[in-house]
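Every chain is named by a letter (A, B, C and D) in the order it is written, and numbering of its residues begins at 1.
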Amino acid sequence: MNCAIIGATGYTGIELIKILTRHSFVRLTHLTTRQKRAIPVRELIPTISREVNLEVRRHSFSEVKRKTDVIFVCLPHTEAMLAVKQYREAGKIVIDLSADYRLKNAAQYQKWYKTRHLFPSLLKSAVYGLTEINRSSIRKADLIANPGCYPTGAALGLAPLLERGLVDLKSIVVDAKSGGTGAGKKLSVHTQFSELDENFYAYKVNRHQHMPEIVQTLEKIAGKKVGLTFVPHLLPVQRGILTVIYAKKTNKATPAAIRKAFLERYSGEPFIRLKAEETFPALRDVQNTNYCDIGFTVEPKSGRVIVITAIDNLLKGASGQAVQNMNVRCGFSEEEGIPA
Amino acid sequence: MNCAIIGATGYTGIELIKILTRHSFVRLTHLTTRQKRAIPVRELIPTISREVNLEVRRHSFSEVKRKTDVIFVCLPHTEAMLAVKQYREAGKIVIDLSADYRLKNAAQYQKWYKTRHLFPSLLKSAVYGLTEINRSSIRKADLIANPGCYPTGAALGLAPLLERGLVDLKSIVVDAKSGGTGAGKKLSVHTQFSELDENFYAYKVNRHQHMPEIVQTLEKIAGKKVGLTFVPHLLPVQRGILTVIYAKKTNKATPAAIRKAFLERYSGEPFIRLKAEETFPALRDVQNTNYCDIGFTVEPKSGRVIVITAIDNLLKGASGQAVQNMNVRCGFSEEEGIPA
Amino acid sequence: MNCAIIGATGYTGIELIKILTRHSFVRLTHLTTRQKRAIPVRELIPTISREVNLEVRRHSFSEVKRKTDVIFVCLPHTEAMLAVKQYREAGKIVIDLSADYRLKNAAQYQKWYKTRHLFPSLLKSAVYGLTEINRSSIRKADLIANPGCYPTGAALGLAPLLERGLVDLKSIVVDAKSGGTGAGKKLSVHTQFSELDENFYAYKVNRHQHMPEIVQTLEKIAGKKVGLTFVPHLLPVQRGILTVIYAKKTNKATPAAIRKAFLERYSGEPFIRLKAEETFPALRDVQNTNYCDIGFTVEPKSGRVIVITAIDNLLKGASGQAVQNMNVRCGFSEEEGIPA
Amino acid sequence: MNCAIIGATGYTGIELIKILTRHSFVRLTHLTTRQKRAIPVRELIPTISREVNLEVRRHSFSEVKRKTDVIFVCLPHTEAMLAVKQYREAGKIVIDLSADYRLKNAAQYQKWYKTRHLFPSLLKSAVYGLTEINRSSIRKADLIANPGCYPTGAALGLAPLLERGLVDLKSIVVDAKSGGTGAGKKLSVHTQFSELDENFYAYKVNRHQHMPEIVQTLEKIAGKKVGLTFVPHLLPVQRGILTVIYAKKTNKATPAAIRKAFLERYSGEPFIRLKAEETFPALRDVQNTNYCDIGFTVEPKSGRVIVITAIDNLLKGASGQAVQNMNVRCGFSEEEGIPA
């Protein structure tokens, strides 16, 4: 199968190249950039096998269109919008790693991304690519809106509880901590070494653009309105998101019922690993993998459930899940090519 | 005034040496260790001014007793218990940086520290040294139980709200993240560089020994029972604790009332700094200082108050506050000797 | 082919497990430890594929002997000595990652490792496993002494120059900087996070136990006595060694001759990558790979050659090279199973 | 005494503010920036004492000129050139932290900084502010060219040996490793967290613009031509330079003579600390201090002297030494205001 990566020089593009060059059924035909100079992949990713002879280049839309079956769009949000539209019109399967086709409500998109959505009808047709939740729709989707990193960590931790009504929907607090690559490759004073090293802080407290995406996802799962408090933080590490979720349990939510919900819901999932009772994941456990590790406990006194999830923000939180979605869509083994 | 530091080679002992050698009214007469070899302070703290000629040594109790006015006890918990008792019997002012005299209830102490408290009546006489809360009692205290690092960050963030009944006492969640020095200097696999670097995780979820200390402190301030969920984490940085506090506001708690509570409560406090509206502290802002920086916001939809505090775990969370307490007790300027 | 790893819980054992579980022609039959409790590999290496169902266990020598073809010995030096002897007597191919069979001279071994060598004749039969230098001997070797990490980085940078007499053998300075895993997994105050983070220093200046190994290797290549100054440093990173080599060039050593020496010597080598003129490798380029990247320059004024090599200390500097050697010995493709 | 800092928002400006606000005899009258918005120092340096009420602002030359005695110029090189000239013409004592007045030879300046020097006669009058070497000239200097960080670490390690002819002047190799703040505050891909963290590499190998400054300084001390190989590296730490110096000893250079040279040369120096025999400094020992720590050894076999120096690049390597120079120039105690 012929794949292209549009915007291949950022962190998510790089991870896609690493995965897809190992994928048994994929040929990478085009890696694109807006930079003028062609960049050998070996220069972009010095650790890659020297057998990889690809280049990232300015490719015209018509070139890419001619030869490709699946398009991964790794452009910044608002810039992805048009590219997705064009490749869809050309009949390609598109997996969009930007935020542009995630929010179902165009008004919400405009509110949080400060840009009017130009293709609201295409938005409607997009399938939200949280694999474990939407697998059957992904199988038939031609436009997959690949989830954000924070929403992935939050939704996978809450889904089994929401589906069975085990937590009070107004009581949800998500306290998430992300490594520095989450901020992307763009130069910024906040991600300068001398600013982030030895430092730690919360940012965009209750104002992060992933909030509406989390709410939309949780509400779809729960089938009801959800209240959310969301505080993201920046960690002085490169990769990984640790998400700590607090919620009041409902009356029927015994510890046994909660454990059963997780076990049954995620049994057979290739990339979800449940921790043993009263143990919790560390970033180290999932870095450079597509796993989402989940630990949880019920605190009897306060009646609060605590769920902790760990993912690699660039893999399960971006490019790993994107390929997982492609595998589902194209009928390959779901794990094909994806780092353990 | 003559001061001694009992157990001067750990992180809190080292910070005390750094502060007290700059203190205008203190002479450090004894720095003790259980190690046989005398250790020059210049070897223990290579960055210290070369004018400091002190040594950490095995000193007998009777030696220390003879010449000293104030004793800082920096022994591990359970080991501090007896030393404190002896120096109190010798009539000294004792500032105990261990946990041994913090919990008023000896049964609670035994439950959380797995050791029977031998001197419950002395326990009763101890004053909990959270300066901003107990300043007037500290002025007359002969035994000051210096607070733990997590309790300091949590209680200073909540005190103004609890005193005015602005938050629901059953709704409090404390999500705290500490640098590696919080775990002390003892060798441990968890604090090996290759374990902690690039890593991040929650530990002792709802089981940390600082829980009862936080609850006791909050309940004393509120005058009522408090429910608490407490999740501490270990950060790959050396110093600092960022504490994020979530609580439901009560009906009367308007944003204006909340701001007023913080402003009035901490006006004139030399070591508390309030952030401007909707801004929050970073570890960087308080490292190597005795400041506690506090930011907060009210989230209208969920009715939740979010308070974020930042302290240096070794200063405001330990040795800085210990000297602040000594200054209060001895009638010196509260800021004397303490890093900005 | 059936392989065992003796001492599988340290850093080199862990890397071997990661590589050998991906190796097409290897079955890992035994992973041993002296600890009593069996440790699932998934607990030891949380990031490993959940399809790996192995355990590290106490295995008896006779059990291991019965089923195994190749033995990787990952014991600490001095402890490996006897294990190697026993497995060799049992007729196994042994690849020893310790230092015990590297130094040809038993007296030198005793001097630097403070232990008498008990099997000097076995020492004689060992082949030093620097693949690029000794490939033809490795093909027939039954005992392969796998090189140390510093010697690998130094010798690969110097070999082309020594073989053609392009540098003054008395002028060699090796200034090497290693990540923290180089010190092994044993608890140590020097590798505590709070000691190594934000720190950097030289250690064992001209006294490191890898000195005689470097000298022996360089002298064998040059066929003459070599003078060496060697200063290792500890870096606050996890993996990688950057080795900067300074030497005076000989008269015939034109820049062209030097470039030619590197190009011809390493042409066709699967794991050596030469940098373009006047460019030099970074640790980032080789971490988690088996590559040795090499850059060099000639400084006309001083007549000095500067060579900089970068390796991952746990892969090309240990377990990667060990499997490379096994592949050579057993006739597999040299790159089989080895990352990048 | 009234002081101004021209360009106060970079790393060296910030360190100067921290020192000069603690200096007993200094009043900071002007802190300048080219940015339009005035920046409170408390915002620029969140850890500073809340008693500091200064602001960094656009100040006109005439304002600064009117009230100030000493001017610290912290502008980027090439931009400092004119400012220094103007303040000198206004009769001020100028301490220039840029490179613009360090190289005595205007042609060399043009070669390395790609800019013609406009004021070669002013260049002649500048005194190179390496305090321990030029103290008597600094006492009378009106324009002090404050040394670069690498030259400070290299020259202090070599001066005693050069003065007594103890090393071969053609044999000097300087292998220096600097923390990330050495690259300044300007945004750069090389100092992004995700680039520098866990990484390490050499840069500008034998082409760093500090080379001619090191050579000029060593030649002035030695009174003869000096050959130099200089390889700087970037460390994933914030502060500090570790400089390892290799040189062949001359015949008369016994270990005793070398030790004597260091002891006698630096006896009484307030900011130089010699390590005990065969021990060497770590970055940790000098970070946040103005100390230069020096260790050295003679290697009998190769006849090579190894000297290792450690400084904080922002203090002894920049702002600390600048204030040390001001103290010398103005007749204050040399240590006044300077950390440790």
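In this text, a residue touches a chain if its C-beta (ideal position, glycine included) is under 8 Å from a C-beta of that chain, and two chains touch if they have at least 3 such contacts.
Treat the numbers as computed from the prediction; the structure is a model and nothing was measured.
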| item | value |
| --- | --- |
| Contact-richer chain pair [B-C vs C-D] | C-D |
| Identity of the chain that, by mean CA position, is farthest from subunit C | B |
| Distance from subunit D to subunit C - Cα centre to Cα centre, in angstrom | 39 |
| Computed distance of Cα centres, subunit C from subunit B, in Å | 47 |
| Of all residues in subunit B, the ones touching two or more other chains | 195, 197-198, 236-238, 282, 284, 287 |
| Residues of subunit A defined as touching subunit D within the complex | 11, 180-181, 185, 187-189, 191-198, 236-238 |
| In the complex with subunit A, residue positions of subunit B that touch it | 170, 173, 175, 177, 195, 198-203, 205-206, 227-229, 231, 233, 235-240, 242, 244, 246, 278, 280-284, 287, 297, 299, 301-302, 304, 306, 308, 310 |
| Subunit D contact footprint on subunit B (complex, rising order) | 46-50, 197-198, 270, 273, 282, 284-289, 291, 293, 340 |
